[in-house]
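Down below are the structures I want you to see.
Note that chain A is present in both complexes that follow, paired respectively with chain B and with chain C.
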Partner chain A sequence: MTEKKVNITIDGIEHSVEQDQMLIEVTDQLGVYIPRFCYHKKLSIAANCRMCLVEEEHTKNAIPACATPVSEGMVIKTKSKNSQTAQQATMEFLLINHPLDCPICDQGGECELQDLAYLYGKNSSRFDIQKQTKPNDNLGPLISTDMSRCIMCTRCVRFGTEVAGLPEIGTMGRGESSTISTFVESSIDHELSGNIIDLCPVGALNNKPYRYTDRTWELDQIDSISPHDCAGSNIYLHVKNNLIKRVVPKVNESINETWISDRDRFAFDGIYSEDRANHPLVRKNNELTHISQNEGISMLIDKLQAIKDKNSISALISPASSFEEQLLFSHLMAENQVSNIDHRVNQIDFSGDALDPLFPSLNIPLNEIKDMDSILIIGSTIRKETPIIAHWIKKAADRNCEINIINHSLDEYHFPIENYLLSETSLIAENTGLIVKAALSLMNKEFPDHILEHLSKLKEPSPAHIKTANSLIGKKSFVISGLVARNNKYYSLIRSYIDILSSMTDSSSGEITFSANTAGAYISGCIPHRSSFGRTKDIGLNALQISNNNNQMLILYNIEPDDCLFKDELCKAIESAETLVVFTPFMNDFFNEHADIVIPIKTPYETCGSFINATGVLQSFNHGLVQQNSLQYNQDILFDSLDYAKAEPLPFEDIISKTQLFIAESKANINPNTELPSINPIADTLECSNNYNLYNIDSIVRRSQPLQLTKESKIEPES
Partner chain B sequence: MNIKHIIKTLSMIDLIKGFNVTLKALFREKVTIQYPEVKTPLSPRFRGKLALMRYDNGEERCIACKLCSAVCPAQAITIESEERNDGTRRTTKFEIDAFKCIYCGFCEEACPVDSIVETDIFEYHMTENHQRIQTKEMLLATGDDYKEQITKNRAKDSKYT
Partner chain C sequence: MTEINKVIFSNHEDAASASIEKYISSGGYSAWKKIIQSSDQTKAREYIINEVKASGLRGRGGAGFPTGKKWSFMPNSGKQQYIVCNSDESEPGTCHDREILQRNPHALIEGMAIGGFAINATVGYNYVRGEFIGDCYPQIEKSLEEAYEYGLLGKNILSSSINFDLYNYLGAGAYICGEETGLLESLEGKQGKPRFKPPFPANYGLYGAPTTVNNTQTLATIPKIIEKGAEWYSSMGTEKSPGTIIFSVSGHINKPGNYELPLGISFNELMDISGGIIDGKKLKAVIPGGSSTKVLPADIISKCTMDYESLEEAGSALGTGAVVVMAEGTCMVEMLKRISRFYYAESCGQCTPCREGTGWLYRILLRITEGRGQETDINLLIDVANRIEGNTICAFGDASAWPVQSFLHHYFEEFEFMIKNKGKSKAA
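On to the complex of A and B.
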C-alpha cells in the first residue's frame, strides 16, 4: 500500500509529504523546529499547551502544529510575525504562574521552558500580580514534586494511562485551580514511573535522590547498558568527578524506546554503599589482612594449581558480569582443568542441560513483540522481572493482542488478560503440558510417539486450556517463559513443553533470563556442560551440585549468597570449602567470616565490557568512565591471573566480531527441540521461593538506598 | 659642523632645559604615597578578595545555584550542594582557589541572590600553599567582617548600575 502524498510549503520551501501525519511530525522529520511542551512523539496528542501555534496562509488564526493533520496546499510560516506573536503570547501566559526559581531548580540548564522562554519569549512580563502556588504531593522516595512549577502539559498523566498502563496521577480541578496529583495521597509505584522525570518539560517532577546535588552542565555523559535485566536497556551515566550522579535513558527504538525502568535509573546508588570491597585481602591467623593485588592473584593461582583433585575445585560466576570477564574466567578455569563452573544460581532443575540451546534467547527482536496477535506468558511475574519486555507486551495488548498467563501468583498487570491459569508453583509444568495436549487435539500434526505417550498420561485439558491453545493457532503468536519458570523444579519439562508447543503451533518462543548477561555466560562457557562458543567439554558439576560438593576450593566471581535460589546450600558450601576465593565488589558477613582470598572487582557501572541481551544483541559499554582509585578494570585482573598461571593467551582482539558472528550463525541454525528431559530426582527435595522481588535481584540493587525505600522492596517474598 | 651647533654646545642650553624639568618636578605636588602607612583611595567598584554574604537574620544567602562556578573563567570556584534538613538548597562545600581567581567580578554579576561579592581587600597573604583555598567559613567570615563597607560601596555605586 502506498501512502498518499500531499504537497505543502513550509517556510517557503515546497515539500511532498505523506498524508495522515500531524504537521509537527512532518516538521520534525524535515528538521524545522516548532516549539512544544505537551507534544511528545511517544504519547497521544493533547494540544493543550498551545506553544506550537504556527501561521497557515489560508486560515485566519494560528493553528496548533501538533493537532493539525497535513493537507494539500498548506502554506506554513513557522517564523512569520504572526507565528511569533502567537508563540510569545502563549509563553507570556505560561510564565504568569511559573515561579522564577531557576537557580534552585534541578531542571535548570535542561529545562524546555527555560530554553523556549529564551528563544520564543519576551524579555518582560506585563503581569505583576502574586503568582499562584500549589501544594506538593509526596510521590514516594524516587520522584520529587514542585507543583507550582507545573505548566499543565499533562505529559505525566498521559504517560500513566498510555505507557505505564496504570493511571497513578491525574488532573484535578478546573481552569486556574487545576493540579496534577495522585487522587488519594499515595506514592507512585509503577516500575516505569521514573520516566515522568524525563517527560516533565519543567522542574515540577524531578529525581528525588539527585535533588539539589548538581547542575546539569557539570555532568559528563557516558553511554552504558543497564546491568540489571536481560532487556539490555541503553542508558546514559551522568558523571561528575568520576562519581555517577544519575542515570537517564538513551534512545534505542529497538530495545527500550525512550524509557527505562526505575531499577535501571536508581540502582546505581548501590555502588556507593559502605561495604564496598576496596583492598585485596587474605586470611592470616583467622584475620583478613591487606595484601597487594599481585600477591592475591599469585596466591590464588598457586593454590589452584597445587590442588591435585581438580574435581574438588568449583567456580560460580554471576550472570551480571560482562561477557569479557566471563570468557576470561571460564578460560582461566579451563586452562587449570576445572570443569565445575556455572552461573545458574537461580535454577534447580538441570535435567534438560543436554537439550539446552547454544544460548537462551527470546528468538525475536523486542520490537517485534508488539506485532504479535497472541502471547502466552508462562511462569513469569513479567512486570517485575523485565519491565521493558512487559512494556512491549503492553504495546501488543494495545493492538488487541490476546494475552494468556500461566503463573503461580495473581499479580496486577497493565494489560488485559484473556485467560489467567493460576496454579501452584509445582503445577505450572502440568498446566503448560495441558496446553500442549489441547493444542495437539486441535491440530493434526505428526509427533513422535514418546511425546504422545507422555501427553496421554496427563489429565484432560480444561476449557481455559483449550481456549489458550486455540489462541496460539493460526496467528502470529509468541510463547514466553520467565524467571518463575527458571526457578521451577520442573524447569526443563516446562521448556520442552514450550518448544513442542511452539513447533506445533508455528509460534515463536523465547525465554526471559536472569540478569544482564545470561546469554553471554552460555556463550562464554560458564556452564558445566559446554565450553566457550558451544564447544564440547568434560561435563562438570552444575551450580546446585557445586553447592553440595565437597570443595577444596570454591571460587565465587561476583556472586553473593543472596543472589542464589538455594541460598542455604550455597552458605553451607561457603562454610565447608577449604579455601574460599571471592572476586567481589561488596563484602558481606559470609565473606568476612569465611573468605580466604578476597579480590575486589568493579561493578558493571565502573568497568568496561559487553552484555548480550535476551534477544542476542551484543552491546558494549562504559569505554569512557575514568578509573576510580588504583584498581584495574576487571578484565585486567583476569588477564594478570592468566599471565601468572602461564595459561595460553586468549585471542582477544576480534572477540566482539567473532561473538557477533557466532550469535548470528546460531540464530540462523535453530533446531526446534522436541525432546523431553528425564526427571531430575534432586529437585524434588528442594523448596524454592518463587516470588520475585523487583528490588532484590542483585548485589547493587539490594544496596541502592532509594530503591530500598520504595513500597515494592518492602514486599516480602513468599516462601 | 656649523656655527649654530657650536654655540648650542658651548652654552649648554639643553642641559639647562633638562634641569628646568627637574626643578619644576621638585616643587610639584607628590603622587607617591607612603604605603602602607598611607593608602590610595579606592573606587566603590574595586574588585578585591571575595566574600559570601548573609541575610540580616544570619541565614547565608547562597542557594548553591552554581552560576558563579559556571561563569568563572579561571574555574576557581568549587561547589558541592545538598538538600538541607529544612528542605532548602544549600552548599556543603564552597571553595575559592585564591591563586586561580583573576578578580574579574563575573561571579558577583552572575549571583542571583547577591551572595558572592568582591570586597576592597587587596592586601592579603598566605604562608602555606594549602591556604590559598578559601573555604565557605572563611568566605562567610570575610563577609561578616566587611559587611558595612561592602554595603556602603554598593550604595555608592547603585545610581550607576
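On to the complex of A and C.
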C-alpha cells in the first residue's frame, strides 16, 4: 500500500507529506508548533477553540490546522502576521472571562492557557467589564471543579463519549452561558474518569485529593508501573520531600496509551494510612514488642530451620509483590525445603494445576486486542478488573468487533454486547462447555474421543451459544477469561474449555489475572507444583490446602486476610498456626492479635523491582526517592534472610535478561492444551463470593481514602 | 406596475389557500404526478435538475447558492439519502417562510417530493422553527396528512415504484439551527451546534448520509418551475437574478408585509408597493436582507435594484430579502445595540471568538447607550468585530460582526456623539 503524497509549503519550506492527515498532525511531526486547546490526538476533532488558526496563502480566512486536511499546493505561514492576529484574537477572547486566579490555581505551572498566554496574550486586558462566573459541580471525591476557568474546549466531554464510552458530562446552555456539567447533579463514576484532569488544558477540572497541596514545579517525577492490576499501566509518581503527591499517566502506546484508571491514579493514598507497619515486632508475653530487623530475621530463620516437619511450614506471597521479591522468597523457601508455597489466594479449584501454562497470559499484546473481530469474555467483570484492558476491548468494539460475554452479573458496559449469557456462578463452566459443543457442531475438526464423549454428555446448546460460537469462527477472534472465572469452583474446567475452544476455532485466548504480577509469581516459583522458571519440584500444598493445614509455621508475605477469596479458612489458619510470620506493609486486627513475628516491608510505590503484566511484558521500576520510613528495601530484607539461612546465593545480576529470555521462549513454544482437568471437580461445600469491587482489590486500594469515598467502593460484595 | 405574487403566493388572497383541494384545483401536484408517471426515472431526475438549473433559481435562505447546482452535488450512494427543508426561519426581519407554511404548505410538500426524487432521497424532513408551534406547525402537519391521504406521499406512490416519506420536525427555538449543519445536529437530537465544513452535507449530512438542505421558499418555488417550465420562471427577474423573491418589508413603512416580486425591481418601487415611509418621513437607512446583512444609507439604497448583484455591489447583500426600513430619527446606536443583543443571545457558544465576542460587543454598546461609553469604545467595537469575522466554524460569527462594521462605517459620528454626550442620541 503506497500512501499518496502531497506537496505543501510550511513557513517557506517545501514538504512532501502523506495525504489524509490534518495539518496539525503534519506540523506536529515536522516539529512546527501551532498552538491549540481543543485538539487532542486521542479525541475527535472539535475545531471550536480556534487557537490553531493559521494563514493559508490561497484562503481568505485563517484556517484551523486541526480540522483542515493537507492538500496539494497549500502554502502555510504559521508565523505570519495574519496567523498571529488570528491566534492573538482567540487568546484575547479566551482570557476576557477567564479568572486571574493563577496564583491559587493548581494548574498553574502546567496550564496550557497560561503557557500560551505568555506567547499570544497581551500584558493588559482591554476587557474592563465584569467577568462571567459559572457554578461549580460536585463531581465526587476525585475531581474538583472550578468552572469559571473553563474555556469550553470540550475535551472532557469528548473523552466521556469517545473513550470512556459512557458520557457522564456534557455541554449545557448556549453562548456565553455554556457550561460543562452533569445533566442532573451527580458524581462522575467511570473508572477512567480521572483522565479528564489531565485532558483539561486549564484548571477547571483538577485532582481533588491533590487540591491546594503543592505547586507542580516543586515536584519530582519518577517513572513507575501501576501495581493494582495486570495491565501494567505506565505511570509517573510526582514526589516532593520523598512523599508521593499525585500519580499521572506516562504514555505507553502499547499498554495504556495516555490513560490510566482512577485506581492507578488515586490508590497511592493508601500507603500513607495510619496502620502502616513501621517496626519489626515480636510477640513476647502475648504483646508485640519492638525488635531490630536483624533480630526479626534471625528469629524467623532459626524457628523455620528448627521445625523438622517441613510439610507443616507454609508460605503465601502476594501476586502484587515484585518479581524479584517473589523470586528471592521462593528461593528462601526452597532452600529451607518448604514446598508449601502459593500466591493463588483467589482460587479454589486447583484440579487443573498439571495443565497450567508456564505462566498465565493474554498471549497477544494489549494493543492488538483492538484489531480483533470477535471477542468472547468468560467470567470477568472486566471494567472493574482491568479498566485499561476493558478500554482496549472498547476500541475493538468501536471498530465493530462483536463482543459476547458469559458472566454471573449483568453489569453496565461501555461497548455493545451481542450475546450476554447471564449465568449463575456455578453454570459459567457449563455455558462455556456449551459454546465448545456448539463450535464443534459448526466445525469439521478432529478431536480426541474422550473430549467428544465429555461434550456429548452436555445438554444441547441454545441459539445464543451457537451464535456466540459462530462468531469466533473464521475471524480474528479472542477468548478471554477473568477474575470471576479464576474464583470459580470449576476454574480448571473453564480454562480447559477455553483452550479447546480456541484451538477448535483458531482463536487467540488468554487470561486476566489478579494484581500486577501473577505471571511473575508463576515464573518465580511461588506455586506449589513448580519451581522457578518452570522447573519441576516436589508438589506442595496449594493456597487452599495451606489454609486447612496444621501449620507449625505460616508465613504471609504481603498477604492480608482481605486479599483472600477463602478469607474464613485463612483466618482459621492464622489463628491455629503455631508461629505466624508476616512480612507486611500494613497491620490489621488479625496480625495484631496473632502475628508472632512482624517484618515490615515497603509497598511497590516505595521499593524497586519488576512486574510482569498480563501479556508477559516485564517492566522494572526504581523508587529510590519515595521513602515512607527508614526501612530496608524489600529485596535486601530477603537477601539478608538468605544470608542468615546460609542459603545457596541466587545468581541475581542477569536475572532480568534471563527472565525476558524465558518469557520469549515460552511464548514462542505455546502448546495449546486440549486436555480436560484430571480430576473432575466435585462440588464441595466451600461457598465463596467474589468479594471485591473496583476499590477493595488490594491492601493499598482498600486504604486509599479518596477511592473509599467513591460510589463504587460502597457497592456491596456479590453473594 | 410590477405584478406581485406570481409564483408561491399565486393563491395568496384566497382564505382557503392552504387546503389541498384548492392547491390541486390551481394546478398543484401536477408536476409531481407527471414525474411519478414518467417512464424513465433517470431521465426524469436529469430533467428536473436541468430545469432547476436553467431556471436560475438561487437559494432563498440567505446565501443565494444556485439550487440546481447544489442538487447536482448529491451522489447516488445507493444508501439512504435525505432532503431537508430549513423552515427554521429566524433571521430578524424575515417572515416569508411562515406565510408559506400557513398559506401554501402544499407547494412546499410538492417541492420537497420533487427535490427528494431528483436527489435520490426517499426521506425528507421539514425542520420547523420552534416558535411556529402555534400556527404554522399545526397547519403543515394537517397538510402533510392530506398529502398522505391523497396518496401523494409514502411507499409506491400512485402505484409507481417511487417512495417518498416526509416528516415535520419542530425545533426548540434557536437561531443557530437555521445554519444547515446546526439544523442537522438538532434534527439528530443533539445540541444545535454547527459542524465544521468540509465535509459538506452532500457528503456527510443527516446521520452521516448524503443530504441536501434547502430553504422553504426555494423548495416551494420548485413545483411551479417544473409545471410551467424554466423559461417561464426565468422570464421574470433579471438575467443574473431570475425569478421572484418574497420581500418581507418591515420597519417604518406604511404597509409592512410579504410581497412576492420579480428580482431586480428598484428599491424605490418596492417602497411604493409597500406604501412608503410612515408619516411621510424621509428614509434614513435600510438593512436589505435580514439583520446580518450590512446596513445601507438612504442615498445608496435608493440607487439600488433589489437583486443579488446590485446589493452586493453596494456593499451589502440580498440575504433573505428581509427589508428593514429605518426612517429619519432612528438612533443607529440603539438599533445596533438591539441587533447585537440578538447575536449575543443566540450564539451557540461553540467557537471562542463568537461565544466571548458577541457578549463583549453587546456590553460595549449597552454602556454607550447608557451614557457610560468611553472614547476607545469605537475602535474596540471595530476591533472585536474584526477579530470575530472569519474566525469561526459557521457564518454566525460573520453575521454578528457585519452589522457592527457597517453601522460604524456609515454612522460613525452618531456613536462618537453619543459617547461624548453621555448617552444622548444624535438622531433625536
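In this section, the second predicted complex is superposed on the first by the 705 of 719 C-alpha atoms of A that agree within 3 Å, B and C clash if a C-alpha of one lies under 4 Å from a C-alpha of the other, contacts with A are read in each partner's own complex, and residues count from 1 in each chain.
Here is the rule we use: a contact is a pair of C-beta atoms (placed from the backbone, for glycine too) under 8 Å apart; a residue touches a chain by one contact, two chains touch by 3 or more.
Worth saying up front: this structure is predicted, and the values here are computed from it rather than measured.
The superposed arrangement places chain B and chain C next to each other on chain A without a clash. In the superposition on chain A, contact is made by A:50 with chain C only, not with chain B.
Rounded to the nearest 10, the superposed model shows the Cα centres of chain B and chain C diverging by 80 degrees about the centre of chain A. Contacts of A:152 after superposition: chain C is touched, whereas chain B is not reached. When the two structures are aligned on the shared chain, A:199 is found in touch with neither chain B nor chain C.
By the touch criterion defined above, A:86 lies against chain C but remains apart from chain B after alignment on the C-alpha atoms of chain A.
After superposition on the shared chain, chain A has more residues touched by C, the comparison being chain B against chain C. Once the two complexes are laid over each other on the shared chain, residue contacts for A:213 go to chain B alone; chain C is not touched. Of the two partner chains placed around the shared chain by superposition, chain C is the only one that A:96 touches, whereas chain B remains out of contact. Of the two partner chains placed by superposition, A:247 touches none, neither chain B nor chain C. Contacts of A:173 after superposition: chain C is touched, whereas chain B is not reached.
Distance between chain B and chain C in the overlay is 26 Å (nearest C-alpha pair, rounded to whole angstrom). Contacts from chain B toward chain A in the complex involve residues 63-67, 70, 80-83, 88-90, 112-113.
Residues of chain A touching chain C in their complex: 45-51, 53, 60-62, 64, 67, 85-86, 89-90, 92-94, 96-97, 126-127, 129, 132, 151-152, 171, 173-178. For chain A in complex with chain B, the residues that touch the partner chain are 102-104, 108, 211-215, 217-218.
Remark: chain C residues 174, 176, 191, 196, 344-353, 355-360, 363-364, 367, 380, 387-388, 390-393 touch chain A in the complex.
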